[in-house]
Structure formats: C-alpha cells, structure tokens
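You will see two complexes here that share chain A, one where it goes with chain B and one where it goes with chain C.
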Partner chain A sequence: MSFHPKMTYGAAFHKSARDLDPDRDQGPPFEYTAENRARFDRIVQRYPDAQRRSAVLPALYLVQYQQGHITASAMRYVAGLLGITPADVEDVVSFYSMFYTKPVGRFVLQVCRTLSCALNGAERVTEELSAKLGIKPGETDPSGTFTLIEVECLGACDRAPVVMVNDAWHECLTPGDAAKLVDDLKARGEAALSGCHHVVEKK
Partner chain B sequence: MSFEPLLTKHVREPNSFTLDFYLQHEGYDGLRKALAMKPEEVIDLVKASGLRGRGGAGFPTGMKWQFVDKKSPNPKYIACNADESEPGTFKDHLLMERNPHLLIEGCAIGCYAIGAKIAYIYIRGEFFHVQQVLERAIDEAYARGFLGKNVLGSGFDCDVYVHRGAGAYEAGEETALLESLEGKRAQPRNKPPFPAVVGLYGCPTAVNNVETLANVPIILMKGAEWYSKLGPEKNGGPKLFCISGHVKRPGVYEAPMTVTLGELINERAGGVRDGRTLKAVIPGGSSVPILLPTQLDTQASFDGVQKAGSLLGSAGIIVLDDTTCMVWLAENLLHFYRHESCGKCTPCREGTDWLYKILRKIERGAGQMSDLDLLTSVANNIAGKTLCAFGDAAVTPVLTTLKHFRHEYEAHIKEGHCTLPADWRARQGVATHP
Partner chain C sequence: MDTVSLTIDGRQITVEKGKTVLQAALENGIHVPYYCYHPGISIDGSCRVCIVKIEKMPKLQTSCSTVCAEGMVIETRTPEVVAARAGVFEFLLVNHPLDCPVCDKGGECPLQDFSYTFGPDQSRMEFPRRVFDGEGVKGDVDFGPTLMLNRQRCILCTRCVRFMRDIDGDAQINIIDRGYGSEIATFQEEGVHSLISGNLMDVCPVGAITTRDYRFKSRPWDNPIAADTICTQCSKGCNTTAWIKAKPEWAKGAQLIRFTPRFNHDVNGYWMCDIGRFEYHWIEGDNRLRQPLEREANLGQQPISWQELTSKLGDRLAAAGTSNPEGVRFLLSAHASHEELFLFRRLTEALLGEPNAVSVSWRYQTKSQPAGSKFIVPPVDAPNVNGARAMGLAPGKVGPVDNDAKADVSALRAAVDAGRVSALYVFDPGPEGSLGDVQWIVDARASGRLPLLIVQGVVLSALARAADFVLPGASYVEKEASYTNDQGTLQGATRVIAPPGEAMEDWQILVNLGVALGVPFTYTSAARVRADIAERYANEPGLAGIATLVFGRPVAARNWLQASNPSERWKWDFMFQDMPPVKGHVDPSAVPMPIGAIPLKEVK
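And now, the complex of A and B:
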C-alpha cells in the first residue's frame, strides 16, 4: 500500500479520517464574511439538495476572493459547509490551476504560452516581463505586487499574445510593450488593461 | 458568396448582447415556436436538420437528444459545454460575449425537447468577463419570462445557471465536465454508460457545445430543410471558424461548410504575413493532424477535412508560416498536454511527460536518432489506451510532425541545435519553463 509517508495511518484507518497535507499553509481560522456567506447560500440553491458538493468550485472562489489564497483552515471550513471531507476539498484545490495555495501578488500576470500566442511572441513577452520584474515565472516579486505565471491556452488566440491579470484580460500585448504594462499597472491598476475584445473594439 | 451570417450577424454592433437588441431581431421567436410543438417534434426537427455537434466530434445533436432516457424517473439535465479550451478555438467566447441570448434560447429549447428543467452552462474559469455578460443576460431573460417558472405562459419551467470552472482543459471532455460539475476533479468516466443514460448526478443528461445550442433557435426559425441545405450533405448549417497563428487578420469567421480552407485562410483571414510563405495548417484545434499547403482546396466540413486525413474538430484553424520550427511546435503542444493531462490513466499521465522531455531534448540539440523511434513508441503506447480521447489528442502533434517533417527532427539531431530559430521565440531558447 502506498500511503503518504507523512500521514498517520493505523489499522482502523478510514479514508474519511484523512486530514490535509501537513505541509500546507494552515492559516488563521477561516470564516466567510457575512456578504460572502450570503453569496454562498444563494449559489448552493442552484444545485439539488443532495448535491451541495457541486458548489465546491464557487465556494473556493469566494475563499480566494476573500483572502487571496486557499489555506488548510479554509478547506476545512468549506468542507464543513458542503458536508464533505477536508480531503475531498483538498483533492479539488490541488487539481485546478486557478486556485492558489500560497500567497500571490496584487496583480497575477498570467501569460498564455500555448501555440497561437507563442507563434505571436508570447515567449518573448514572458522574457520581457520576467526581466522587468526580476522574477522567474511562478514567482512573486519581493514587494508582493506582481506574480508572474505562464498558463496554457486562454481561448483568445485571435488576440495573441494574451495576458490575464487577475480576472481581467490584456490582449495583443507585444514584447516591446510588456515592460510598459508593468508600469501602467502600478500607476493605474486594472484600468491599464485593454480588456476583452468587446471593450477593445468600442474604443 | 451570398451567405449572410446567422450566428455572428450582429456581433459587431455595440448592444448586440442586450435583450432589447435581441428581441428586435426575432429573439426568442425560436423558443415560442418550440413551445407550440411537442417535445418529440422538436427533437425530430433537429434530427431532420442534420445538426452535428460543434464541440469537436461532430455527433448528430438530434440523436444525442433522442438517446436521453425519457422514461427515467430521475430529472434530466442539459449541460452546456462552454469550457472552450482546445488551443486555437475561441468561437464560443465570441458567441457568449456578443450574442448570449442565442445560447440561452438554445438552452431553453434543448431543455424543453429532452424534458429537462435545468441547464447548467459550464464556463471555463478564465472567461470571467464573458460569464458576467452571460449572467446579466440570464437575469434579463428571467425578468421578461423567457426563463423561470411557466416560460411564456406555456407551463414549462426552465432554469439556466452558469457554473464556473477553475482551469482544467480536461473539463471540456463531456464526462469530466460532469464530474467537475458534481464538485470533483475533472477526470473522465468510463463509457458506456453514456451521459444520455447516466450523466449529471446519475441522471440522463445531454452535454452540448455552446455553438451547437446556438444553432438550435436558427433551425426552429428557418426550418430543417433550409438548414440542411446550407452547406454540403450531412454538413449543414452555418459554422464558425477560428483562424489564428501567422495570418494577417486572425478572428472568427462564419461560413457554410462548402467553404475551403484556402478561402478561409487566404481570403477571409488575409493569408500569411508579407514576405512569408505558408508551411502548414492545423485545421481543427491543436489535437488534429497537420495539413500541408497543397491541401488548401480541402472543403472545411467535417467530412471534407476527414477525407483529407485530418479532422475539423472544433474548427480552430492554426496557420503556420515558414518561420515555424516543427520540433518546437510539437514541444510547445506537448508542454500543454503534459500540463493538462488529468492523471487518471497511466499511459497519458506518464507518457505525455516523457514525450515532452524527449522533444525538449531534441529541440535543444541534445537528441539522438534513436529518440525518434522512442517518440513513436511512447506515442503508440498512449493512443487508444486511455479512457477519453485526450491520449489520442496528445500524441497527434508528435506523430503528425514526425510524419511530415521528419527531416527537421533529423536536422536538429545532426546539427546539435534548433535549425529554425524564429525571432518571435524566446531569446534564450525555451528557457522560461522547467
């Protein structure tokens, strides 16, 4: 049996008793704000009563919006709300790439690296951003302002290269403009982004 | 060509996404027509139209709906696949952003046809701005009685909810989508049973792509015969083509499937950039075989592209010009597949990682000739040995580039470095990612 070396398993162990990876950021005790709790209660009604588990992705998004990343305490809290085990929640958090288990910067720059963006200079964009910020992809700068991540296809290949900043998009970013984007973000926040093409074409 | 776009006719107008605009352009008339018919008549109409699923497989939608187990005592569901994550595909993005009511109307008609009361639109997490447009449109539709209890006074109840994914290519596979919707990892199920019998929460479910459902109101409005005659036999209806890569005017172009790849690339998208020449075309998203410039007269239909030796897939046409190194291309795509493999089936989980590592070695000039056979061997031990089509998709970029551009692989190995380093690639080789 290939049990996790760090876990305490005994003869009477049942999988429902499995707790989270002990190396995880435990974080302070977690609870939704009243506002988020109300949002959660609304969302959970979309699913049949016996299928509250369906709300795990929206519930985790609420955690992430509230405190930036998902801690072990938050996983236990969400598990309690949905009536599933903390391990079930950890299972989901560790699978999906949009959930962060470590703190990230105020602006998370996600450069699309897949074919159509790469054909139009995405690798160069990542290089320029990396040089400007002084960090490698996957890292956060010391001031905690920027995190640089390379991601797979964002689904806007006609506006390549695309960079997603938090939940907003910046399209047709040329390598030469990459450093300027960093300065613009510092000065104007997300207003500096060109947005999805709906907005772009109106301009 | 006197074809007038049906799905994207108004997308460039500023208020195309509002309900008022939609109602001024025959909006929800298809739903009215459907509600005046019996559900089985709606299914028969969609069957007669020959509508084929726009998500990639091209399976007839009417048949899919007919397979939904009507006798089951359980509730039925529509799960709309808006996970659009096949590299090179961005048509659903445009549809949902500019014409969301067309999709909502399609969802409502679909629910009515199969006897469902709820449609979940599973949208990929990265499309947050699109989700906001969609949710606003759904609220408008509820407020005006197109959704909710007793739709348009017909006694039919219909709810449409948006469910946001969180970054997983595999969630675009229909059973993995259902798993994700149930709050689990997006990993595929064994088939059969198919979702039409055992789907969401174990209930009969129809999983349909966004563009597929968006075609349904058009069929109701124009009739099955008109629809099936638009385009070649068995490939009827308007189709959205996504053209990206090395072209002058990348974008979404709508056309009947009588159009050829050459017309789409050279006329609609303006051809490759000045001073460059066309090297190859990937006609249906990253997971289909490459076509060569000599095959540009291929009809861009499901059957036409298949006859040419590839697949139309999601109609994500990626154009590659002569600056593209094919070993680099395979490496780029295998990086994608390695990252996105859900990990359920061992051949895919382990194999994609090995393929990537070998390709990376060759691309950096450290490969040897025996690696080419190794690539083929690893690829052949993934294809057909996985639960879902991901395995076959992941090995295609390797096998197709080896087939058509083996000389480039050999040149890398002989010369000890990449023989086609383009100025749009990273300056330090592909050093940005481990």
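And now, the complex of A and C:
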C-alpha cells in the first residue's frame, strides 16, 4: 500500500528463523476429495452456525487422513471452509502435536515420555526403536515407513510404557517388545496394529 | 444504573454493575499493575500481574477477569499479594532480554516500570534466555510493511492477537506452538497487512512490536514536547498527539518524530489509522513551499517578497474582478479550516458579491478494510467537509448524514474548459492529492484557457508548479485551526511547530490579501476570526462553541513518565505520580505525596 513508509532493511538479515520452506510448506493446491467433503459437511452440522469454527479439529484430521500431513494450502482451504483466518488454523495446527506440518512415514511411532512411562523405561524403548530404525526421535526413516516421535501423556499410565502407532496403542512395552513390533509392522503392515487392550480384550 | 458495593484495601467502593475488580480499583485510584488488560480490547487474563486477594476465595484471583460482586472484600497490598506479584514479574523476566538501552520502548515500557516498582531486584535465573532469531536487535523480524517484531522481548500477553481479532476484524496474528515454544506469529510469516497496524505498537506493552517509522529514531526522554492535536487527513478527526524531537544536535532535521492516538471515546477510541500515523513526512519534506513565488516571463517561478506579492496579486485580482466578476473563481480544498473558509467567503463577497464563485473539493477514496472492523477509516480524505457545509460552501447537511458524498466541481471545470474563467484561486493546505483530480486545471493553464492561476498551499505539487502566484501556507500542525468532523463534532488542531521558511498561517495570508484588496479586515489573530464566525453563524450547530474552543498547547513533560505512550497515558496518571513504595509492607495512606507529584486525573 502506498501510504506505508519506506525502510530499507536488508531482507535477509531480518528474516525469521522460523523453519519455513515455501516450496515444502505451501504444498500443491489442496481440496477435499468428494468423500471427505461429504464427511466435512456432516461434521459441520454438529455445530451451530455461529460456532462453525469449532469444527477445525475434525476438519484438520480429514486433511491429515487425506494427504498425511497439513500444508499451508490445506490450512488456507480449511480456513476458507470455516470462515476463519489461516492464522487461526495455523495456531491450532502448531498447538497440537498430532498434526504434522511435514511429511511423516506410513507408521508414526509415538513414544510416551511422561512420568509413568518414563519411570517404567520409556527412554529404553525410545533408544531401542531409535537404534532399530536408525533414526533419532523426530525423524523419518529413508524409506518413509517409520517416523519416531516422543510425545507427552497418552492417557494409558496403567499400562506404561506405551507407544501409539498411528491410532493404535501398544502397551507395557519392553525394549524387546518394541523391536518385535517394528519387525511385525514391516512384515504385516497395518494388520500388526493391535489397538488398545480394550479392543484386544473385547475380541 | 445498577451498582455493586465492594471493599478494596479497606475502602468502600461503589461501581457500575459488570465492571471488573481491576476497573473498579483503577477508577478509584487504587494501583494494580497489569499488562494483558487493555481498556479498548477484550479481556484475557494471561499475564497474571493483576492478581489480588479476594476474601473467601482460596487462591489469588486475576482482578482483570473477576467481575465485581456485592460485598466483595479485596486486598491488593497484603504481603501475600506483593510476594506473589513479585513472583509473576520474576517469571515474566525469565526470558525477557535486558536490552532496554537499545529497545525502542525503553523509557515508556510498562514492563520496565512495573518491574522496577513491583518486581524482585534481581533474577535467580541461571539458564540462558530463550532466543528465537538471534540476540538483541538481530532478533527483529519482518512483521508486515509497517512493523517489526522482536520475539524474545514478547511476554505473550496476546494484546496484539486480540487487537487484530476485536478491532481490526481480521485475525492475522496468532500464537503458534505451545508452552515454552509459544511465539507470536502471522500465518507463514506473511506479516500484518492492515490499515490500522500502527496501533499494535501502542498496545504492545513491551518492545516486541515496533514501527519501522519510529524505530531507532528517538526515545521518550528525547521528545520532551508533545502536543495534543487532531489528525486532519480524513473526515474522522482522530485525536492524536504530535511528538517533537528536541535534542540540540538534531535541531537541524525534521522536528516531528511521530504521531500517536489520544483517547477520545466519541471519535476514535484508543486508535488511529496508519495514514494519519505515518503519512506526516511531507510536512517537513523537501517539497514544502517555503517562500512566495511569482511566475516571470522566460524565467519561470521566482521567489518574491510577501509585500510585493500581496500588492501585485491584489492588483491582478482587483482588475480581474472589476472587468469580469463572473470570471474570478475560487477552488478550496476541504482541508481548509473554518477560519480559512470564512475568510475566503468574506473575501469573495466583498470582492465579487458572487455567491457561487467558491467551489469546495476533496478526494474520495474508499479504503479496503475487513468486514468486521470496528475502526472504519472514512472515504472522505478531508477534515472539514462539514465545515464547508455549515458555511454554505458545499451542498449537504452537517452531521453524519451526508458523509458518503463525493465532491462535485463539474460546473467549475466546465467553466474553465470553456475559457469563461479569467482567474482561478486554488487553496490546498492538505497533502498532495487530497484535493482530488486537478490535472484539468494544469492542462487548462498550459493550453492558455486559464489566464491567471493562483495557488495557496503547502507542497510544490504539479498544480503549484503551473501557478502564476504561489502563496506558501501552513499545514495542519502549523496553525491553530478548527474543523468539524464527519459526526458534526467541532475540534481544534494545535500549532505544534512553526511553518517553514517564509510560509505563514493561512488566516494571516488571507487577511493581508483582503486588506490589499480593500476589504476592511481587522482580525489580528485566528481567535478573532473564530469570534467573528461565532457571531455570524450563531445558530449553526456544526460551529457551536467555536469562539471558546480549547487548543492543546505543546506542554513540556514535567517528568519522563508523562511523556509516555499516550494511549496508555491515563494509566501513568494513576500508576506512578504518587506511587508509594509497595515492595515493603507500607500503608500507602501513610505515605505523603512526593514533592511535585501531579494529582490524579479523573478518568471518564
């Protein structure tokens, strides 16, 4: 806009150190598939019109189901659907650890590191997984199959330590169990996801 | 009005129902510090420094977010509260850098002041401070075209977030990440793009958000003179403060250092727009008219003395008026104040007796703002359209009804284009372009259809360059002048600095010219002109009270706290001027007022 004063700061010197890569973060133009769009429309109906923004979490989950992680284009798309600003969406995406802004592997191994799990050897589990997969926490292996993340309490303190793989809990893990879990996932894929003990015991 | 009664620090207080404890305390002169609370935006309760003890509540409560209830008993100075508050300050300073000596906010920073007053005297923090983008000013990042952001100074009060959400209507700022990693950010670092972004500097209680315009230019104690005035760049008439640099070594450069909004509930609230805030450099720019000019054959525009100019111009105008009264026309900008409009009106009546010799023009420019914005910048880029209406110089009614009107100078343009105008006198005391399209005048002068063009103005615009006589006038900060804004409110703009070079206040130019033309003007000051306006337009509501209008004069600050962020200035009046020592456990009522302390101002 013409009324703004002109100041000549060196652009590079004053760039934020926030890890932003336009090529990676913007992503290709995003749009829900017809199926996801229908799901979104059903979700939005749960909220009164004035609180349409409340659907932001399920809307972002849909994005993540569709393309694995959430790009800036997707944030803009969701903001447009909900009538909020992209900044509002980015706020939510960056707040919650279950939303990924960078591509992740097919299996996301989330090791709980909060008190109960830590006391029961979660760090040993992380070390074992790290060694087995050859990646550090926060990284994805070169094949794009596994991502290892340390997270805070997963709400399964009675069965600590717990690792959540995608949406399924794996409980009371020893380092040995963790290594077996990785082998199992490699061999059988999604079929190796056990689910939490509630699910297991019901079967 | 429903009221509730409560006790704060042993004092019985009755306040309007629905007020918060913090508001009740502040309104009654009880000092409670605060950051995230700002009277103009919604309540958050995130900074925790306003904590107080409320009887029967198990924990200390944030006074900003607790609504007063009947019979509440509140303590703000018990040892428990003082210790807890000092603890909060210690936490606020855990990551805040100690770069006050290079920080733009230093000297007018609530964090600095409150920490001295309420905080612990040293930090027990042994760990390195959190640094986002580099130490010190290297950590400054782009925050849009007008602002810079320094994340390590930020204390995450979220005032900027709430300002954008509540006032601007477009929530461009948010907090990303969480917990210890939280930082203020715009979506993908796009920065703040808003017509009212400058207010973010005012609402920021620390030096995290600074304006590019004021950055590193000055410090509050270097600006001991600040004048309360109004902005005239559009029809809103925001109340502002003009800050003047006064350091001797800078005396050669520009004096105006910044404009900040001044609270006026009825006009602009706590805010002003970026146009009024940042577009002031033309006032002391290279393009200002500093001496009278006359066009001489083959030589172009040459400097001339006021005396010569007045007599020559008087002769030419008188000649033109006698030979063809209908051929002498006046085009006034709606930047003209009441005084100037009135004098032009009297001048034309005396000279020509011609009622429609005067046309008033202004620029109409719709500003793009978010739909939900609470601070709308009007499209009319002139302060006194309603003044022109009050004096019968522009069509329409005074008041908020005709605000959306565009200027109509088609009759004048047709007359000029047809060659029926022998002399055109243009008065344009506003910034370049604020008169609207004037290229047709320049073209008419160039093609010879307009034999005589006189321009009284402030900048050497294309129009002034085409003129036969140029009269350097005063801009809106260089004269005491009155304007009626788009709501029909009469307000005065203060003389903050002197007009440059030989430029004169416009009422004086017109009186001198009138005398040269034989009009019996006897005014010796702008106040005399206003007194005459009051007499002749006694029944005009848009001009009521013009004779007794009070102009804020430049006031030297008596202490550095007075010269602080004016949108918060009312706070200083409360917080500091009779500040008792609160770190110990001293009964404040037993502490005498310090010598020279200024008594508390009433807050409306």
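Structure notes:
In this text, the second predicted complex is superposed on the first by the 172 of 203 C-alpha atoms of A that agree within 3 Å, B and C clash if a C-alpha of one lies under 4 Å from a C-alpha of the other, contacts with A are read in each partner's own complex, and residues count from 1 in each chain.
Just so we're on the same page, contacts are C-beta pairs under 8 Å (C-beta built on N, C-alpha and C of every residue); 3 or more make two chains touch, one makes a residue touch a chain.
Computed from a predicted structure; not experimentally measured.
Contacts of A:Asp91 after superposition: both chain B and chain C are touched.
Residue contacts after overlaying the shared chain place A:Thr147 against neither chain B nor chain C. By the touch criterion defined above, A:Ser194 reaches neither chain B nor chain C.
In the superposition on chain A, contact of A:Leu57 is made with chain B only, not with chain C.
With both complexes superposed, B is the one of chain B and chain C in contact with more chain A residues.
In the superposition on chain A, contact of A:Ala72 is made with chain C only, not with chain B.
Of the two partner chains placed by the overlay, only chain C lies in contact with A:Asp25; chain B stays clear of it. When the two complexes are superposed on chain A, the residues of chain A that touch both chain B and chain C are 84, 88, 91, 95. Residues of chain A touching chain C in their complex: 1, 3-5, 7, 9, 11, 13-18, 20, 22, 25-26, 72, 75, 84-91, 94-95.
Chain contact summary for the complex, chain A toward chain B: residues 46, 48, 50-51, 53-58, 60-61, 82, 84, 88, 91-92, 95-99, 113-116, 118-121, 123-124, 126-127, 130, 136-137, 150-160, 164, 167-169, 195-198, 201-202.
Taken together, the chain C residues at the contact with chain A in this complex read 132-134, 138, 140-142, 145-146, 148, 170-178, 183, 185-189, 193, 195, 212-213, 215, 274-275, 278-279, 281. Chain contact summary for the complex, chain B toward chain A: residues 12, 14, 17, 75, 84-90, 93, 97-98, 120, 124-130, 133, 159, 161, 163-169, 180-186, 201, 242-246, 250-252, 282, 286, 316, 318, 320, 324, 329, 332-333, 335-336, 339-340, 342, 424-428, 430, 432-433.
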